[in-house]
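Each of the two complexes below includes subunit A, the first together with subunit B, the second together with subunit C.
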Partner chain A sequence: MKVAKKTIKFLAIAVIALITTTSFASISGNADQNHNVQNHDGGQVNTQKEVTDYIQHHLKDSHDFTFFSYTSEEGERKHFGFSLPVILWSSEGLVTFMSSEFHHNDDGHVIVEKNGLKFAKIHSKIYELNSDAATVSFDETHHATNAHKVLDFSITKSVVGILLASLLMFLGFSALAKQYKTREIPKGLGRALEPLVIYVRDEIARPNIGEKKYKKFMGFLLTVFFFIWILNLLGLTPLGFNVTGQIAVTLALALFTLVIYIFNGSKDFWAHTLWMPGVPYILRPILAIIELTGFILIKPFSLLVRLFANITAGHFVVMSLIALMVTMKEAFGPVASTGMSLVLALFIMVIEVLVAFLQAFIFTMLSSLFIGMAVEEHEHH
Partner chain B sequence: MYNLIGAGLIVIGGGIGLGQIGGKAMEGIARQPEAAGKIQTAMIIIGALLEGLAFGALILGK
Partner chain C sequence: METLLNDFSPGLFAMQIVILIILLFLMKKFAWKPILNSLEERETGIEDALLAAENAKKEMQNLQADNERLIKEARAERDAMMKEARDIRDNMIAEAKEDAKEVTASLIEKAQASIAQEKQAALAELKKNVAELSIGIAESVIKKELSSKQDQLDLVEGILKDVTLN
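Moving on, here comes the complex of A and B:
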């Protein structure tokens, strides 16, 4: 009975975690919209601009999966990939359709009509047009004037990445757990996973949280570690994921840590945060303010920004170095530019594999450090 | 323009900090090779804290 109860609890937590992260990933509001999408001036293609736009587009979440695209001889844009479902909560309720109906348009010129409502996609965000409008009109700063954002629960590229990582983790670890019923040492994939689990336990959780209490937090720490690591590695494949580079995803992960250490804080932790013993009374409120902002704002903020900025910067550098092949072609010739781009991109890519692990490690390490600070009980003399 | 200068200053500051951390850790490991593991972990944590600060400044400055 006990096992069944635990399983149900685990499943409930997993579902809640998944829903929170995925909805954060698709609702994410990105204010950076002021870059132009017009990259054809008089038939001439501005390579520099096209490359920058491509990288910017990659760093954002998108509603379809495009592996590569090119312009054919007839001047038609061809895309290779597949479309993903769009799920919207509009003013008239739930609306669903496939993202292929936008025909890869990203500047609001293709209007999709569903349930008598009109939708347009502008910079990877879906807008609902006002009922009297036929086309989207823009003001000088390129903001839509007659359309507004809708709640977007779409299965976007990042959500697919999150689901894929969850599936991989579920398959890998349930296989590992099952093996302990029959044998001492796991075989196959489990043999590769077991040392990592033990590493997280012995190097991260035990020294930072303490021998007595670490067990309670192992589930969270292991999940976060493998989740971030798998997603970071997925981001290095040519599939084009950039999940841990979405600030919404890292925000959700940091919020989990925040909630965990706020609700597990010991009496001593709150006493030391709110009414620090051993300092003059006049200083205590000031210290309380400093400690509270530190724990509630600065620590989660540094956690989320570190992961987001590292992954974003990594993707940006790798893609820029690959783009050298195109942008430097006129200056150095095709062979030299390709060789340079290949060597540099390979070099950075190897570093990125290290960074992928390091960021997962750091996130878990700092989470356990913060949790350890909160649950620690001081000796009373 | 000014935010680029700011970004440069942040990177200089972060570089000095990381250099100090790395250099001192190296020194410590050379003096006490048996403590290498502990020093490395502490080094990575401090490095991460510094990195968080620098990235935070870069993001806010953007």
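Moving on, here comes the complex of A and C:
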């Protein structure tokens, strides 16, 4: 236990040190910034459009980790946070640099040259410019015409969130696992975590998968449940993560469920899916198509969209309600608009805490339900 | 839908898959397996303990039932013994009574028999005395009455009359 505590302390200190040094680095980096560049989030967010843009920007993944930004008295835009490594698979192979090289620009005006290639960041996506282009040119719908997307394996804010959640999970639950070596009933954090593990096992896995087979899937279900829950909760903190609102993340999670239940499908499951017994022969191929689309497309799709949409909508609503403070100031005055926004945002925040749990629960629940359907063995009549 | 597809980041997707696979592996090895095993061990332990308690309770009940049965048997045995003793006593008394009755009866019989004998003897003696006395009386009467001839004739005649009548 002592060793574990020391490592946690060490890690915490290391993280804090890293944050402070990189944030100072980024602030000092910004100081030399050329201010001819038009910054997209150039200061105040006042109008409806700016609010919407700001929210849209938040909902997307980000290449920097910014806690907050402000404009100094000299009119300089300062960002407090730290830059993250950008790792790209470009036409010339692997390219890496720090995200601070974009100087927080998000509309393609800052061009980073690496290995003879030019990169620009437009709406949180990194584009590689065509070799003959010097700047990004846009068409009327604001699509880049002389640049294309690259495969972006950057440690983005979402990846940091995923790593943070993974680290928290690993530390918390391995500590709980260690406690069992010395005592029967855990204490401290473990006492809070243990009922959650039992909850997932007894309320989600056992009833849906069945007493015989649930054990095999416990690792996946527990991991996914706590992963989603922790990330949902992290999304509600001022750190501003929106990991479970990234469709790439929810797609990956849903694909895991799909792969697990496809590869663990029992003979009965495949027989019932592909050649439904007790139905006229003519209908069987049609049913097979319906069942297959259901299992391979619709079920995972419902899983991934449900989580994505719920979390995105939650963030959108909370941010919009906070923005009421700004947008309603003209109509109701500063006190009333602030009060209204505070009360409403608080109310929705409380609901979002519930939703954070609920969505993790539903995802795990439905995953175990689908797994249960696939592994079920029917009694032959 | 287009914005959704546009927002989809293959890089993040790949990172998520890789991290999740590693996380799954690590969590399974270092957290879930030991946690679930210990939970199961604890649960089976509790179940066993409950079962043992239940068994002990049952055993206690059995013992109690045994004790009660033994007590009941002992009581029944005692009752049987008492009954037997009473029967024996009653029998003895009855036999004694019977014996006494027989003894008295035989005594009475003997006494009656001796009384009857005595009586017979006394009667015989009395008869003998009465006969001797009446013979004596008759002798003297006859001596006096048959002094005349007529008288003797009358008597014979009377006797003869009686004989023919008989």
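Rule of thumb we're sticking to: the second predicted complex is superposed on the first by the 331 of 381 C-alpha atoms of A that agree within 3 Å, B and C clash if a C-alpha of one lies under 4 Å from a C-alpha of the other, contacts with A are read in each partner's own complex, and residues count from 1 in each chain.
Note that contacts are C-beta pairs under 8 Å (C-beta built on N, C-alpha and C of every residue); 3 or more make two chains touch, one makes a residue touch a chain.
Owing to the predicted nature of the structure, the values given are computational and were not obtained by experimental measurement.
S.K.: Mind working out whether A:353 is in touch with subunit B, subunit C, both or neither, as first, second, both or neither?
M.R.: A:353 sits against neither subunit B nor subunit C.
S.K.: Quick check on the superposed pair: does A:156 touch subunit B, subunit C, both, or neither? Answer first, second, both or neither.
M.R.: Only subunit C; A:156 stays clear of subunit B.
S.K.: If we overlay the two complexes on their shared chain A, which of subunit B and subunit C does A:252 touch? Say first, second, both or neither.
M.R.: It touches subunit C, and subunit B stays clear.
S.K.: Tell me the contact category for A:271 with respect to subunit B and subunit C: first, second, both or neither.
M.R.: neither
S.K.: Of subunit B and subunit C, which one touches more residues of subunit A?
M.R.: Touching more of subunit A: C.
S.K.: Give one of first, second, both or neither to describe whether A:283 is in contact with subunit B, with subunit C, with both, or with none.
M.R.: After superposition on chain A, A:283 lies in contact with neither partner.
S.K.: Could you pull out which subunit B residues touch subunit A in their complex?
M.R.: Residue positions touching the partner: 41, 44-45, 48-49, 51-53, 55-56, 58-59.
S.K.: Considering the complex alone, what residue numbers of subunit A touch subunit B?
M.R.: Listed in rising order, the residues of subunit A that touch subunit B are 203, 301-303, 305-306, 308-310, 358, 361-362, 365-366, 369.
S.K.: Given the complex with subunit A, which residues does subunit C contribute to the contact?
M.R.: On the subunit C side, the touching residues are 4, 7-17, 19-20, 22-24, 26-28, 30-36, 38-39, 42.
S.K.: Going by the contact rule set out above, which residues of subunit A touch subunit C in the complex?
M.R.: 60-61, 125, 151-156, 158-159, 162-163, 166, 169-170, 173-174, 176-178, 180-181, 184, 194, 197-198, 201, 215, 218-220, 222-223, 227, 246-249, 251-253, 255-256
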